Amino acid sequence: MLIVLKPDATHAQVEKVCAEVKKQGFQPHPMPGAGRTAIGITGNKGPVNPLPYEALPGVEQCIPVTKAYKLVLREMKPEGTRFKIKGTEVGGGKNFTIIAGPCSVESAKQMTAVAKFLKDQGVHILRGGAFKPRTSPYSFQGLEDEGLAILKEVGEKEKIATITEVMDTAAVEAVEASADVLQIGARNMQNFSLLKRVGKAKAPVFLKRGMSATLEEFLLAAEYVLHGGNHGVILCERGVRTFADHTRNTLDLSVVPSVQKLSHLPIFVDPSHAIGKREFVEPMAKAALACGADGLMVEVSDDPDHALSDGAQTLSFKGFERLLQELKPLATALGRKIN
Amino acid sequence: MLIVLKPDATHAQVEKVCAEVKKQGFQPHPMPGAGRTAIGITGNKGPVNPLPYEALPGVEQCIPVTKAYKLVLREMKPEGTRFKIKGTEVGGGKNFTIIAGPCSVESAKQMTAVAKFLKDQGVHILRGGAFKPRTSPYSFQGLEDEGLAILKEVGEKEKIATITEVMDTAAVEAVEASADVLQIGARNMQNFSLLKRVGKAKAPVFLKRGMSATLEEFLLAAEYVLHGGNHGVILCERGVRTFADHTRNTLDLSVVPSVQKLSHLPIFVDPSHAIGKREFVEPMAKAALACGADGLMVEVSDDPDHALSDGAQTLSFKGFERLLQELKPLATALGRKIN
Amino acid sequence: MLIVLKPDATHAQVEKVCAEVKKQGFQPHPMPGAGRTAIGITGNKGPVNPLPYEALPGVEQCIPVTKAYKLVLREMKPEGTRFKIKGTEVGGGKNFTIIAGPCSVESAKQMTAVAKFLKDQGVHILRGGAFKPRTSPYSFQGLEDEGLAILKEVGEKEKIATITEVMDTAAVEAVEASADVLQIGARNMQNFSLLKRVGKAKAPVFLKRGMSATLEEFLLAAEYVLHGGNHGVILCERGVRTFADHTRNTLDLSVVPSVQKLSHLPIFVDPSHAIGKREFVEPMAKAALACGADGLMVEVSDDPDHALSDGAQTLSFKGFERLLQELKPLATALGRKIN
Amino acid sequence: MLIVLKPDATHAQVEKVCAEVKKQGFQPHPMPGAGRTAIGITGNKGPVNPLPYEALPGVEQCIPVTKAYKLVLREMKPEGTRFKIKGTEVGGGKNFTIIAGPCSVESAKQMTAVAKFLKDQGVHILRGGAFKPRTSPYSFQGLEDEGLAILKEVGEKEKIATITEVMDTAAVEAVEASADVLQIGARNMQNFSLLKRVGKAKAPVFLKRGMSATLEEFLLAAEYVLHGGNHGVILCERGVRTFADHTRNTLDLSVVPSVQKLSHLPIFVDPSHAIGKREFVEPMAKAALACGADGLMVEVSDDPDHALSDGAQTLSFKGFERLLQELKPLATALGRKIN
């Protein structure tokens, strides 16, 4: 059940409602929105009796919730989740936020070059993998701790926000100390131990859709993180696995409006991993913007042809500049702001 | 193999090359393009010897072709296929052509109302099914011959081009006499008897991708039609079948740039059938335009809530007007012309 | 709705119930079973009122049916459909019927050799394609009419039943004149014109599951045939299209018990087309028998390595002998009879 | 590359070859088989020069390996991996090993009842989840440490081997102390941190195929475990995600002979999770045996209708007895031994 408070409800009133929820044996999850606060109730089996709450001061409405997920529901925050990553605002409908960088952190020199280039281009969040989930144990597994150190150093020196993947509960602390956003990869979307752990982290979580995840499973994975207390979640579509073989995965853009209807969480699109071919990144990035995505994650590098991983899908600096030039008039026409 | 002629090659030279191809036991398929003519060779098993052709006057180059399809290849017509449907130009990169109308032809009154509305909106091709492929034998199967008669009458009276589905070789003649474009539905994409038959028709063919067709199978289905002699083919992505259940099918927009890279045929997108939900037609139509599709097929009706088929995905007049208002600034920003 | 008659209901009573159904504006579909007759009602929208029928003499029970399909429902014929093809009984639980032969009819010599071999092995139904649905227009399309003539001649001379694919309504008459069973291929499972046409044929129909057909769509395709009046339908699983690439298609054996629970129609398995690799035909054929399939369709030829189509999945005579030797003890253990 | 030693090669000769491999900068992986030892080489990029090894005493042959996986390859152990779990032999072709038990450990009483029942039935490995991967954070997550304690106690008291899922690197030690086999669930098949960690464990690993894993990805996941030094791996097919909706997942039995051709690892089948419906567990279990699987994992419980998870697919004691009665004659006919 969802308890929606009045716009002028006081902090004390919110506290009182939470106390009543606990008294009934459930957990309250207050979520302050722009206009008002809503309180989600979890821990119940079956329907919750609204009577104890409806009469409390400051309560406007009790909404029964039948979906398997609760905290991620659009009704919890009708205006949408919006937060800042090192000064760059994500979500909220107007922002179209670009996250870019190489697949793997390969050296301080490489990361510095990319960071400088991106800042020049007006991009404020740098990606780069230190721990790489690789299908084969014989493939390059990332620079690991050294990669984290490079990311931290470049992020601080170049004043750019950073995001990197975390693959293991044991590594969450170290990753959180080195990067601004914790990425959960597609293969770990249902690594529930990891979801619970990053639910306790302070840094926002960038959660990629699993390769065969339904929308409900995707939202429930996010629900794990919110349920742990971390409300800074960004979802990301990165292609699903189908019979189609003309792209590496099948980019399911229809998930963008579908997520936005059901949930208040921002939804990004990663065309690089979905398509796996550099030349199609641009048209699919434009499509992502046009259908309303909140942002992009794109692979770009100073030397994609010699990348240690995923070079075939990585844009060169020139390619990235052209992508931005294509996106800008589109964003203007759509009333969106690239940041 | 593909024989590319010089820009200034004469008609007589083209004829002579064709005669030589026949002499070697193969079939020539001359395809006049904007700048020059290319001649495809079929009927060969294994590589074709270029020697007999290279020395002929007017021949510029012989290109070996290893793909399973030949006539649909981009190399056959690098500038892209472009043709007119009752005065409306389709293909060619700049045009973004909208085909719209109800799922089924239900009455002359309905079709007249929709035709008038569309013409007011600047849309020049009217869809409407007379023969409906329905999963259940107990569902409405279309008005059949009566539907064809209505379509013909409304098309002539309202001076609007028409397109309708043909499901059977025996019906091709009647459908061609009543409509301007022959639609092959997704379930018949590999009905090879039908493909061969419409390859002999004069009217253009609108070929929908099968629900589990790979790109190669899709292009080979078109190859059947071109091989029959009918070069007026439009491809259409309408969603593929995957595990995902948040939309009726999964709209695979990445097929748009993939087709355009490999083939000279125009590629449209049908968001209505792919998504199955009215509210998501608009964002996906915008994405189709943004990723470079040559046009849209959209379901619209005067009374979608009482449609005999597929009402849930059909736009109202108001919904269609809003869609156009959203598409127009986007088209402008992209240098495209809605027609 | 389904009207179940008493075991001792007379023919006149059945007629009277049918007359009453027509009087109410619906179509009756009497289906005589081993023990009793059931009458399906179609043509209704929404629930049918049972009152006019319940009081009629000979009526035992009126069962409301909510599924989209009716005539194929298990309740229509609880003991299962069973019929003979040139003396060989198909269906009924105990029979495990093998249909075998080459992918394509290539010559009278080839078909005679295969027919003689199969009869020696105790196999009574010979397959062979005269019209071949080929993905590419440049692949061998079958001997067509000549192939039909060969099939007819060999069938009569060698006294073996024959089955061949029909791809077009216009060809149904000719195919029915030449073969004992009409095969509808996977690509035509939703060619509704063809389904309606074979519903009017006298010969049994062997209906292959479409490559991305759900169980409901599969059963509704069969419903089209039964609705046309042809109750001799055999279903066949031949692999579905998924992301998995270790076999040509993914053989979905779980459809066997699923069909048998919902429908009275026999369900066969075609491991050759599903797997696409000769070496795995045997284990999957054994699995098909073990999970309860009513029969197999297997490709076998005198010279598979030089077949004009699908040689890679076709067993040699030796391979087929070994398959039978493997199946026999299994059939005995399961209380089944290979025929 | 794979170095195959002579049948009579001495331990010292094996050591010497390994030393040479290290000297060249690679890692040797000796795998003693029944007849002879093979040594896999990893750590190379590109082809390995066989010259330094071919001349060494005891070396019979150097086989270049081009597949992405090496240690799991059939060539490494042509006779197949075979090992004992608390006295019960798994693998080797003749054994058909049944692992059974409830989805979740719910109480010592329940687990004791199931253990006693299974031992009576001749089943020697008991499953039961202490940590449950649940799609929703609000579903029962397992008894966790208490569940482990129950499993350990019941395993020791009832002298039955135990298997339970481990979801997190941090829990591997505790799980290994409580159970005989470590299960990796489908959602964690590409949790590479976890694969690396269990590669260092002593207990065998039961690795379930991911819901959209290709055969290559499945084998490479196992390669991670073998690469870590743990050669006791059992693979398990448990259904893949497709469009088909008549079962929970689509059981891909063709992976059984496909794995057995490529790899020496035993391959089990879990029909309960694949199908999700109790009534179809029996036919699919029979199919698994018939196509050559090395064993089954089946859910059975004393009270499936009140299970805290997955009750719908869990057999009752009676249902399990019937399953065994069906499997036994089949096993006899196939020359297999149920253990």
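Letters A, B, C and D name the chains as they come in the text, with residue numbers starting at 1 for each one.
Rule of thumb we're sticking to: a residue touches a chain if its C-beta (ideal position, glycine included) is under 8 Å from a C-beta of that chain, and two chains touch if they have at least 3 such contacts.
This structure is a prediction, so every number in the text was calculated from the model and none was measured.
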item: Same-site or different-site touching of chain B by its copy chain C, using the half cut; value: same
item: C-D or A-C, whichever has more C-beta pairs in contact; value: C-D
item: Centroid distance [mean C-alpha coordinates] between chain D and chain B, Å; value: 50
item: Where chain C and chain D are represented by their mean Cα positions, the distance between them in whole Å; value: 38
item: Centre-of-Cα separation between chain C and chain A, whole angstrom; value: 50
item: Residues within chain B bordering two or more other chains; value: 212, 241-243
item: Chain C - residues contacting chain A, complex; value: 241-243
item: List of chain A residues in touch with chain D within their complex; value: 42-43, 68-69, 133-138, 141, 167-171, 187-188, 190-194, 196, 211-212, 216-217, 220, 223-224, 227, 241
item: Residues of chain A that touch chain B when the two form their complex; value: 212, 214-215, 240, 242-247, 250-258, 261, 274-275, 279-280, 283-284, 286-292, 329-330, 332-334
